[in-house]
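Both complexes below contain subunit A, partnered by subunit B and then by subunit C.
And then the complex of A and B:
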């Protein structure tokens, strides 16, 4: 029998025959690795996931025409969309503003793409329905209260047509909009409907965009747009971007610190358990020494065992940790978590490292002592 | 004899027992730290989210609404006169509502238009960092210094006492060529008034076109003493639930019990309702952009922390019971010997359990205090403030340590008791 075969045999039989103890050790390593892999996955994924949540604050960058007389075109919107990675575009909504009269009172009508608005302003509360077709409008609450419009009723909107004369049009109020902000003074309808009553194809007055990008990338985008597209002035919505930066940094720091504390404590926990398991085997070490094994040989035996345990426990932990991270992500963000392959070698490395280190400390102490003393049981 | 044996184990196998105590302490400290952080994270994140500014705005009831309401009566009921403005003298009352403690900051605004170098520009009077004496004898400081955290201010924030100073929005400053240190002269119907520009700010919204001055100065310009056009309130709130949504629609539709629950919970709608109660002829609205998003983010963060806490609790529980099992198994020979000498099963179980539980007690207490330390490190590093120590964490950790130690030791003790002393001592 070759030396290597004997070595392997000793390790495997030690693992297999001392089932209960090895199970305990394996469990300890697996727990450690699960926590490591799970938390690391969450930590890596948090910025993006939380960033998505912060998009509920609505648009973080808007694009305006450079001068008040000009208007933006649909083409510009497509060009801007092309500058941002598809995955980061949460929503882009074009707005056209026009003066109107309801009951002879002056108001503002906003023509927009209703479906896009739902993505850029997720905080809007509509009692009733969103406008479904071109005959329906969404009335702001203040406006509705002032003119006495109710959900489901008809209102007539007067607007200056292309030829300069005032024309009157009937619309059905599909819902009342509540935001707590200026939007409550407006009436919202589809772009097509507004163009129709204006009697011409109107260009866009402002594009509201909600991109899931950090502040510096938004700034870069804004610089790029002002350099490449003529007649477009980008403006960061500072309230949203600045605050998002501050809060998101804090949240990340929180998860990072929690991860570090949990990991540190867990790893020490794993190490003490391993040490307890190994300390028990002092007699075995003494016996081996008495039979003529060298200190380095014994150390190598334990190293091999530790390595196996670490690898096995680490592998188990990766599987369990991923399942955990996935469960967390699904229940918190309702999105599956991204699997980060780079964490696999890190988890295995830490698991093996901690196990081996925890094995070697007590082994070193046992090998330093005279076998006779160890075997006698002192 | 029993206690002598216990003492013997603890002192003679000191290092082994110490290791168990240390592991239990680690697990307990982890549980303590995570539970404390988890219970406090809502409040802490809520505080951070205040950087988004006001979540409630208070406006005067619009005159049209009032004339609508009173259209059956003759128009001379006096409501018309007060309809347009809120009263500055009533502002202190906001700090006297049931949830006064939750109101972090608030600022009144008075908007008017002035003529600057031939062009009409909006001018807003507000509190910057105003100290108000309450009827209760306390004094509070609030204003936009703390509420507009996203403003980029070049120069200095104004103080409320210096009424001849102004802050100018960046867009306006650029188009009118105003710099910090300049003196601008604004015209109103009543005459001219000079202001020294102490700052130019970038806000990223429509305030960039406006001039900001202390409230008293703006009121004097328009000749409207005590008048306020709107109030921004920044309050710490509880995320909305079904009850809050029902109440927001119509508070009078709730049953007495629900109404009480709603009124005594810090929902944004109940705080708004209470503000309406104290400010005459006002409508308090929740700014949905801020309040809705706040709720969503708070919920998510709390859930995330809860799940991480559960993971670490399971981890430390398994870790502790694992080690306890290992350490009990190790004592097979000792237990075999006691059995051979005639020890009863019950007595042996008691002995081992007492030893382990004593160790667990020491470890648990040590771990609890270490855990509070960890929690404070997290609090100070992340939020710059201490995590409040919740007394309810103590029983939770105590129960966990006790249960986990028992679960770890009882099966292994039973296993060992089932073995025959001769076999154990023989070394199989």
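And then the complex of A and C:
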């Protein structure tokens, strides 16, 4: 048998046959690793989670034509979509605007892709139903109150045709829109329906986009679009992007602080447990010295145990930590947390490092013991 | 030829002299007992000879090396290479089996060899219990395991501190038989004891009192009642009042 094999045999025997003692130490390391992995997972996952959370507040970037005379084309929208990773595209809604009259009062009609609007503006509250076909419209609440439009009733929309003459068109109000914003003064219908009553294929006036990207990446996208797409002016929706950035920074700082504090406390806890375990084995240390073991040899034995204990506790902590992070994420964000493999080596490294360090200090002190004193009979 | 020479050794703890100018020597292959009441300095002299403690004064020459003048590292090497220790409390590592406990001594000495360790256990009649943990062994079995561990690296000197102190008569007899066998094979033994019957098995007995060398008794020349009188036994009691066994 080689010395290495005997070394492993001594270490594994110590861990496996001193179950109750080692279980306490393992528990201390595993709890530390659980909290570390769990909080680190939450820390890394916050931008993603919060990004998705903020997406419910609407578009975070819009694209406009560079001048009033210009219009955007569907092709432009596809080019922008291609610049963003597919997973990060929450929604893109094109809008065309046209002046209309209802009961001789001037209003604005917005033609859009109704299904896309549901993704870019999930905060819209529709009393009734979204327009299901080209005969239906969604009336803003202010507009509906002004003209006395009700859900399920018909309204008459007048619009100036391509030849300058006013034409009248009947639509059924499928639902009333409440947003608390300007949208309540509009009537929303499909692009096709609006183009039809306008008498021409209208270009896009604005593209509202909801991308799951942090502020800096949105800024980079904006710069790229400005540089690569002529006639397109990107504009960040600052009230969304800036508050997202601020909240994210503060939240991450808070989680980081909690992680550091908990890690510090865990280190103290692990170190105390390991110290107790080592001190308890002073006789064994004395015996090994009496048998001719050098101080470095004894230290190596304990560090080996610490290494395996850290590895085992770290591995256990990774599994439990993920469950912990998942439970926190489910209760706070109502969606599961992502597993970040990059945190595995970090957690194992910290768990092993802390355990080995926690062993090293008491072992160094314990190797100073006089074997004659600790092995004394009676 | 002397294996061990203890010359004018004193050990002072604070103001207290645990050993006071003790001198004796032990020849290669000799079996020597060290006797004395509690506090007489038996364990102190054993620890000094065993390289686990240092003398305040005097010299201890073991196999030609003055161990009072060597570094800690050299002393560790001497313990590892030249001395086999047997303890009253056995001091086996509780999470290792009997054979693994023997192999630990090999591990720190040179290279662990399970077959050799098993052979050492067989020599002390413990081969069948080789895979048992110390908690599964009786006191006598634990002591035999301790002896196997002390022998495994073929030390120049076997030092036993009260080796039968925690054993019943039957196991004491087994252990003494092993010592006799070792002695017959040429091993050098120093046995610290307060048991006159254990001491009588040795060739010589060094008697300590209050840290001083009281007398050295040659047991080979007194294998009769006279020898007992040398230990101070006049009335059916052992040397220090311990009742003698009649078996």
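We take it that the second predicted complex is superposed on the first by the 361 of 378 C-alpha atoms of A that agree within 3 Å, B and C clash if a C-alpha of one lies under 4 Å from a C-alpha of the other, contacts with A are read in each partner's own complex, and residues count from 1 in each chain.
Note that contacts are C-beta pairs under 8 Å (C-beta built on N, C-alpha and C of every residue); 3 or more make two chains touch, one makes a residue touch a chain.
If you're wondering where the values come from, they're calculated on a predicted model, not measured in any experiment.
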Examine A:64 and indicate which partner it touches, taking first as subunit B and second as subunit C; both and neither are also allowed.
-> neither
Is A:56 contacted by the first partner subunit B, the second partner subunit C, both or neither?
-> first
See if subunit A has more residues touched by subunit B or by subunit C, and give me that chain.
-> B
Which holds for A:333: it touches subunit B only (first), subunit C only (second), both, or neither?
-> first
Please indicate which partner A:292 is in contact with in the superposed arrangement: first for subunit B, second for subunit C, both, or neither.
-> second
Identify the partner contact of A:202: answer first if only subunit B is touched, second if only subunit C is, both if each is, neither if none is.
-> neither
Which partner does A:360 contact after superposing on A: first (subunit B), second (subunit C), both, neither?
-> neither
Shared subunit A surface residues [contacts with subunit B and with subunit C] | none
Show which residues of subunit A lie in contact with subunit B when the two form their complex.
-> 20-21, 24, 27-28, 31-32, 34-35, 38-39, 42, 46, 50, 53-54, 56-58, 121-125, 127, 142, 145-146, 148, 178-181, 235-243, 246-247, 250-251, 253-255, 257-258, 261-262, 265-266, 268-270, 272-273, 275-277, 279-280, 324, 327-328, 331-333
Residues on subunit C engaged by subunit A in the complex (per definition of touch) | 43, 47, 50, 52-53, 73, 76-77, 79-81, 85, 87-89, 91, 93-96, 100, 103-109, 111-114, 133, 149, 161-162, 165
Which part of subunit B faces subunit A closely enough to touch in the complex?
-> 16, 19-20, 22-23, 26-27, 29-30, 33-34, 37, 41, 45, 48-49, 51-53, 56-57, 62, 64-65, 68, 149-152, 202-205, 249, 285-293, 296-297, 300-301, 303-305, 307-308, 311-312, 315-316, 318-320, 322-323, 325-327, 329-330, 374, 377-378, 381-383
Of subunit A, residues touching subunit C in the complex = 1-3, 5-7, 9-10, 13-14, 17-18, 283-284, 287-294, 297, 370-372, 375-377
